[in-house]
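In the two complexes below, chain A is the common chain; its partner is chain B in one and chain C in the other.
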Partner chain A sequence: MATVNSKRMDKKTWPKSNADVCIRCATCMAVCPVSRVTPLFPGPKQAGPGAERFRKSGDSSVDEWIDLCIGCHLCDMACSSGVNISELNLMAKAKYLDEKGRPLRDWFLTHSFLFAGLASFFSAITNFLLKNQAVKWIADSLLRIERRRELPAYQSPTFRQWFRKRPSSPPFEKGGDACLPLGGQGFEPYSKDRKKVAYFYGCYTNTNEVDVGKATVQVLEANGLEVILPPQECCGLPMLGNGNFKGARKMGLKNVPSLLKAVRSGLDILFSSTSCGHMIRHDYSHLLAIPGTEEVAHHLFDLFEFLRNLRERGNLNIHFKELPLKIAYFPPCHLRSLGIGLPALEILRLIPGLEIENIEADCCGMGGTFGFKKEKYEISQEIGKDLKEAIDRLNPEIVLTDCEGCRMQIRHLTGLKVLHPIQILRDALSDTK
Partner chain B sequence: MHYDLIVMGMGLSGLMAARTAAEAGKKVLIIGKGMGCLTLFSNTIDVLGKIPEEARLKDGLSQWIQDHPDHPYSKVGLIGIDESLSSFTSLFQSPYSFQTIGDRNSFIPTGAGIMRPTYLIPDTMVAGVSGNKKALIVGFKGFRDFYAGYVANPLKWRGVTLSIPDVPNQEISATALSRWIEKRSFRERIGEEVKKRLNGETSVGFPALLGVNDPMGVKMDLEEKIGVEVFEIPTLPPSIPGMRIFNRFKEWLIRRGVNILSGYSISKVSLKGRRCEGIHVHHPPVSTLYSADHFILATGRFMGGGLKADRRRIFEPVFNLPVSQPGSQEKWFEKSFFDEHPVHRVGILTDSSLRPIGEAGKVIFENVRAAGTILAGHYCLDEKSREGIEIATGYWAAKNTFQI
Partner chain C sequence: MKGSMRLQTEVLIIGGGATGVGIARDLSLRGIPSLLIEREDFLSGASGRNHGLFHSGGRYVVSDPEAARECIAENRILRKIVPHCIEETDGLFVSLPEDSLDFRDRFIQACEEADIPAYLLSRDHVLSLEPELNPDLLSAVNVPDGAIDPFELVLANAKDAENRGAKFLLHSEVTSILVEGDRVKNILAKNTLHGEEYLIEASYLINAAGAWADRLLKLAGLRMAMALSKGSMLITNQRLANRVINRCRPPSDGDIIVPNHTVSILGTTSVRLEDLEHFEVTPQEVSLLIEETSKMLPAIEETRLIRAYAGIRPLFQSEGKGDDRAISRGFVLIDHEKRDGIRNLITITGGKLVTYRLMAEKTSDLLCRKMGTDLPCSTHLKPIPAMDAPSNLKDRLKASGEAEILCDCELVRTDEVEKILKEGGVKDLQDILHRTRLAKGTCQGGFCIYRLLGILNEMGLAEGDSNKILRGFLEERWKGIRPVLWGSSIKEEELIESIYKGIFNL
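Here is the complex of A and B:
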């Protein structure tokens, strides 16, 4: 079953291959989580620059294993020669799937934003269905969505609804001269006042983990900032990760004008999901050539990166109460690939009483939609096992990580309470919770 | 962001510099274009393999320093080298620690089937030292980076190749094999296989991939199953022992609050007079400025991109520091591959505190130092001194930066 969309993007916009600078040093082979757990994937050296030398644009694709690259970017970060390994893989994957056709399952997994609103509204029914064994069986056998994977539950009201309705809404929300109400045609420009920030919350926060969004708003407000929600759609990463450049670009073309408007009105934009953030900051311009992204990228910050900057200037609210908790923190691959260090760890270390350790493991194995796919579930679990062992060694009460995919996977693997770091920071700032 | 020290380069010298500064309570950023060369070259710690076999390292080094006044070791001095090695070994506590036997170089077998001198050896390799026991060498079918016979024959040992039951006819990577060996059930099977094939051997050598996390646990478990001593043999990259070193540093540095950025190159440096004020790190489309009071350049040689060559000359791409040149290009290489090539000795010239100097010995930047193999005046490949130079100069650069 293939979906309609099999036309490839204009090739001119694709990044150049630089496979020929590979010196075959095999450093990337030391870090690839997939080739570590299965001999089915030859690893970055072979899959990327190695195979690229034999790929000719006219020939049909022969890399049946290319789809096993989870897209973690760990190889890119290890390579001293600057080979764009994961990009080479992604492009080869796109070509392979373009030729072979994409399963309908991939369409469902990458278009969940289309029905998320409804799913939230009818969350009681949706969640019942998502847990229902018969439904899971159908999803498993017809769509090849692994039945052992819990499908994420939907919450109601959504984050956006909560934001609009909450009693403590700042005045700008009630219309007036500052902006148009949210959910409409967007908002009018603000004065160049940096005391306001825009927030890109991402689909998962909006419909499945509303408290992450709440905590973000609460922490920002506790730092004297006013939060604005620019109109936004799914960032498109699930599509990109599945080699659907065209679909991903479409999402980008919807998001960038709205984000650009926020930037041009003097706002910084923050994201709490490192995957969405990485997509907008780097992939939009580099892989998808979406106009206007560069300007957005310069004003787009990871939430904790932003808080760290506040702290550097002495503006961070650090009136934390004591939180005697034993916590393990996992830095998601996309956070590492942002190249900003581990700002959440830096900030959380300021909370008195909090015992926090970094989890020494490299990838959770979820890879966005990768871990939902029946044929990849085992690989995803094997990668996850190494992470679970690293967590077990630390024996924490709570695990924190900035990416929703990682949170899903770690819950699935360990059964522990897994939160976004902002939720703990919020708890440290509030007396009542 | 502002730091006390920014270290450029994530090889052993950069990691040592970061460790030394962090230990003194400094705020440190370490940035590397990749993850450095540890998984490429390093299994054990070479300090000076070239000295006579029976010589004690201290004596060998002090003679070397006398004979080579421009060598990096001569800048650091005996005491500095000693301190730096202690600092390195103190990072690796039992069960996976490094040791030296009688303060001399030890000879350990390698994947190429030769005995090679080296100084600090991880506990997993000690039983292979000097080939003092009759050993059985074990390879794995599908793991193409290690051939048991190739190792065993020249040493007059015996080699066997086991097939891995679950991966018939497939190539297997070092990390995958290393992960299999971490599993008890797998060890049970190979332990039994190996035991059956013993024929009077009193030790068993495996390629160096007895797990990443708990190699000593793996080694002891295998010994229990096989009944004789087990040791690891360094093999082709990626080096699992190198990964263990890298991981340990990373873990320690993160715990100390050091900011680690791997995968990004420095596009530009901000200079003011004879000081460096900051570096621009480019991650398209964003470029970020990091400022610091001090900088250490530990970007390695040609492979890591610390030195580059065009048709006319060899240059250093970050600060455009002067590089000692090997003369005109015809002189870079000798005719025979095995002769000493002048190009091997080029590098950054420095004063005794490792600040780069130009002609007439003038310090170029007050707050920039260089460390590691990028320095001039050594030929680490031939001297078998790579890790020693990296550890000693990384330590020395940080120590001098802060007058620790």
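Here is the complex of A and C:
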């Protein structure tokens, strides 16, 4: 009986395969960045719904190539029949890696949040080590972390420390303090104006790109909003992307109650990393079945989606100063997968003097931890080629993109200055200067 | 006859199904030369149009214990001689709340008497083995059923027979049988592709034409009473259960689900038929099959079906009985010397795919007696080498990351098809489809067949009008798809139709 029950539960946790609705049209094959550059990956049509027909429950995995799925979700978006291709791939990848075992390298890449605090505190030493060629050589040969890849530097103080200590900041509040009457439980397409918002900044903002967090807070405050940081952990996407459902679910189970508390106290939650946002909005509920996610998702907004909502109601601070910059904007895959259009581009286009172009290219090739892996580095670079060429043609001074992975990759590919769009928006708000 | 090619053989076998090919191999092992003539390709009749059940005998054990005993004996032999054609899945006879447990107990008893290893499983145990089964089931009996690949089976038999000297003449139809006194003297045949005519002289003639046995005898001025029973089946897009699922009740419509490679096959119906050449699966049959099989596997109600097809059971009728299911599924061996005074003619028909070897053995034994020799049968001892092309699901999935794939749905590799083409012997598209898993998946050849024509063209094998070949294929495909066309299938069909109409201008 126990076996029966646990099997049933597995089924609930993992969505029922809808490979049956694939009409074999191969549109997904035209958008897959991986199969475009390597014959080793058979492409979404075969790897997803196609291979499903060959996988028998109880059989061990043989589809080693499944590990090459970069997790960009472009296939899901292209599918005319709504097949959850990347989820099918992720489940197959999880099964393959569960059986085969994960290298220590993957543990390091997906658990950086455990030592990020320490790394930040000793950032001078950490960064020296991360840049040191000998260390990189060791990481390359022992852990198979590609040595040509720059390892992200740590910053001190962390965003959270900065937020707490800054003189202008209002007293730090824990997420649960209800300051507004409880909002309706139902879905609201646009949440009503509220004086406070909660911010899910993500690990990378906290320890590696603190200025993204600062800019977010500054822009929100310049719009008359008070920012609250609910207690939070890594969203778990690196683990999920590496097929570690259990680990990812653990992170979700820590985050959702805290976010739910914020939502129930009437706050909207904003994220500046589109990957964290995508994880919480879609994967928490769909793949990981974390209770309460639906309610959180209804009040969870991409930072620029939120600003666009303000703008639509005439509440956005648009006292921008002139910024005579030539900028190229790259919409990350996970932003596109959110299905909210390109809000950052819409808002930035309001800035006078800013010459901004959208980069017409698919996936950057980083795929979170994918691009760090020695065996996948070449594929990652090959995918990025199109993007690099597109950027070269535009010849911008600065490249903007909402995802930290994309930012790392574009810096690596082009050597250009690459920022989060909120940083430029902050610069344009003259009164924050 | 003027202009016709003269062929001579000791034994002429008519019919390239499992029985005919089985006889060819049996005779080749005994050292008796034979020629097999087939109107189309191997497996063009019931051998290629069944649910691929590797019978334990359980299905007939209550109604026809004799046939069941034959099944289990052959089941044991085939596991040894053709393991590569068999998936040893086991089968379950499932009792639902509306089914009588008296029948179940009789079933277990009958299995014991027929020497079929059967054991009762509790509801919870069954559900842990096959979680998609109806959770309301009461119990299930496990028997050594399995899945058999009839194509692999017959083609491997043919290849081995050929290596031992047997000859095959495919795509050739017998047009007349000349009887002189108490003997069949000559047989006239015509190649259906090129129109070439043959005059065949044979010392013995074996009629293994299956459902066409009676029609063939008519050419010799003889008759036999046969009941033609159409059995329709549906194919699901994915494999829904790993074991054969039977309903534990007296055989009736829609009581079996057989796993087959990537798919499950839902069967069957039983409809009396007069016309051998034109038959289709009717909407009533489709509804009936879904309704009945989904009682065992509720997922069937929502699953996608990719094809419907029907085969004709050649059932021998000793006297007019009402229900075809009551007619023995055992086989019939007729010595026309005793029956009609024709000394060198034998008819073998009826039976099951799983008893093909036994049928071949009995036929060959009778032939030997007629020839006055006592060469022993050895087909139960000598394994049949595997064909090299098809491999199991795991191997194909693994290889799909390495080689060029021609058929995305069934992961058939381009080099696999090229090899078959290079070996020669394939005359038309249907022949290629019989020898690979091409076009057996989700899109049913919608995307791979035009790719195949490209390969045929490159290899200089595309004879005649490619559009005509495509049209013929599409008509046959349409026949199989139309009965199950709704939901996502219809969406896909629109796409495929626009490809063929828009790009190929068909």
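Going forward, the second predicted complex is superposed on the first by the 396 of 433 C-alpha atoms of A that agree within 3 Å, B and C clash if a C-alpha of one lies under 4 Å from a C-alpha of the other, contacts with A are read in each partner's own complex, and residues count from 1 in each chain.
The criterion applied here is as follows: a contact is a pair of C-beta atoms (placed from the backbone, for glycine too) under 8 Å apart; a residue touches a chain by one contact, two chains touch by 3 or more.
The structure presented is a predicted model; accordingly, all values stated were derived computationally and were not measured.
Novice: Figure out whether A:31 sits in contact with chain B (first) or chain C (second), or with both, or with neither.
Specialist: It touches chain B, and chain C stays clear.
Novice: Return first, second, both or neither, reflecting whether A:81 touches chain B, chain C, both chains, or no partner chain.
Specialist: In the superposition, A:81 touches chain B and chain C alike.
Novice: Taking the superposition as given, does A:23 touch the first partner, chain B, the second, chain C, both, or neither?
Specialist: Both partners.
Novice: With the two complexes superposed on chain A, say which partner A:298 touches: chain B (first), chain C (second), both, or neither.
Specialist: first
Novice: Please indicate which partner A:65 is in contact with in the superposed arrangement: first for chain B, second for chain C, both, or neither.
Specialist: So A:65 only meets chain C here.
Novice: Touching A:56 in the superposition: chain B (first), chain C (second), both, neither?
Specialist: Touch partner of A:56: chain C, not chain B.
Novice: Just checking: does A:161 make contact with chain B only, chain C only, both, or neither of them? Give me first, second, both or neither.
Specialist: It touches nothing on chain B or chain C.
Novice: In the superposed arrangement, which partner chain does A:282 touch: chain B (first), chain C (second), both, or neither?
Specialist: Touch partner of A:282: chain B, not chain C.
Novice: Quick one: name whichever of chain B and chain C touches more residues of chain A.
Specialist: On the superposition, B touches more of the residues of chain A.
Novice: Considering each complex separately, which residues of chain A are in contact with chain B in the first and with chain C in the second?
Specialist: 23, 25-26, 40, 42, 81
Novice: If you look only at chain A, which of its residues touch chain B in the complex?
Specialist: 23, 25-27, 29-32, 35-40, 42-43, 73, 76-82, 281-282, 285-286, 293-294, 297-298, 308-309, 312, 336-342, 345-346, 349, 357-358, 360, 386, 389
Novice: Over in the complex, which chain B residues touch chain A? Could you list them?
Specialist: Contact set of chain B toward chain A: 1-2, 29, 32-37, 39-40, 142, 167, 170-176, 179, 213, 236-240, 242-243, 247, 250-251, 254-255, 257, 259-265, 281, 283-286, 288, 300, 303-305.
Novice: Under the touch definition given earlier, write down the residues of chain A that touch chain C in their complex.
Specialist: 1, 3-4, 7-8, 11, 17, 19-26, 40-42, 45-46, 49-59, 62-65, 81
Novice: So in the complex, the part of chain C that touches chain A is made up of which residues?
Specialist: Result: residues 124, 127-128, 131, 237-239, 242, 262-263, 303-304, 393-398, 400-401, 405, 408-409, 411, 441-443, 446-447, 487-488, 491-492, 495 of chain C touch chain A.
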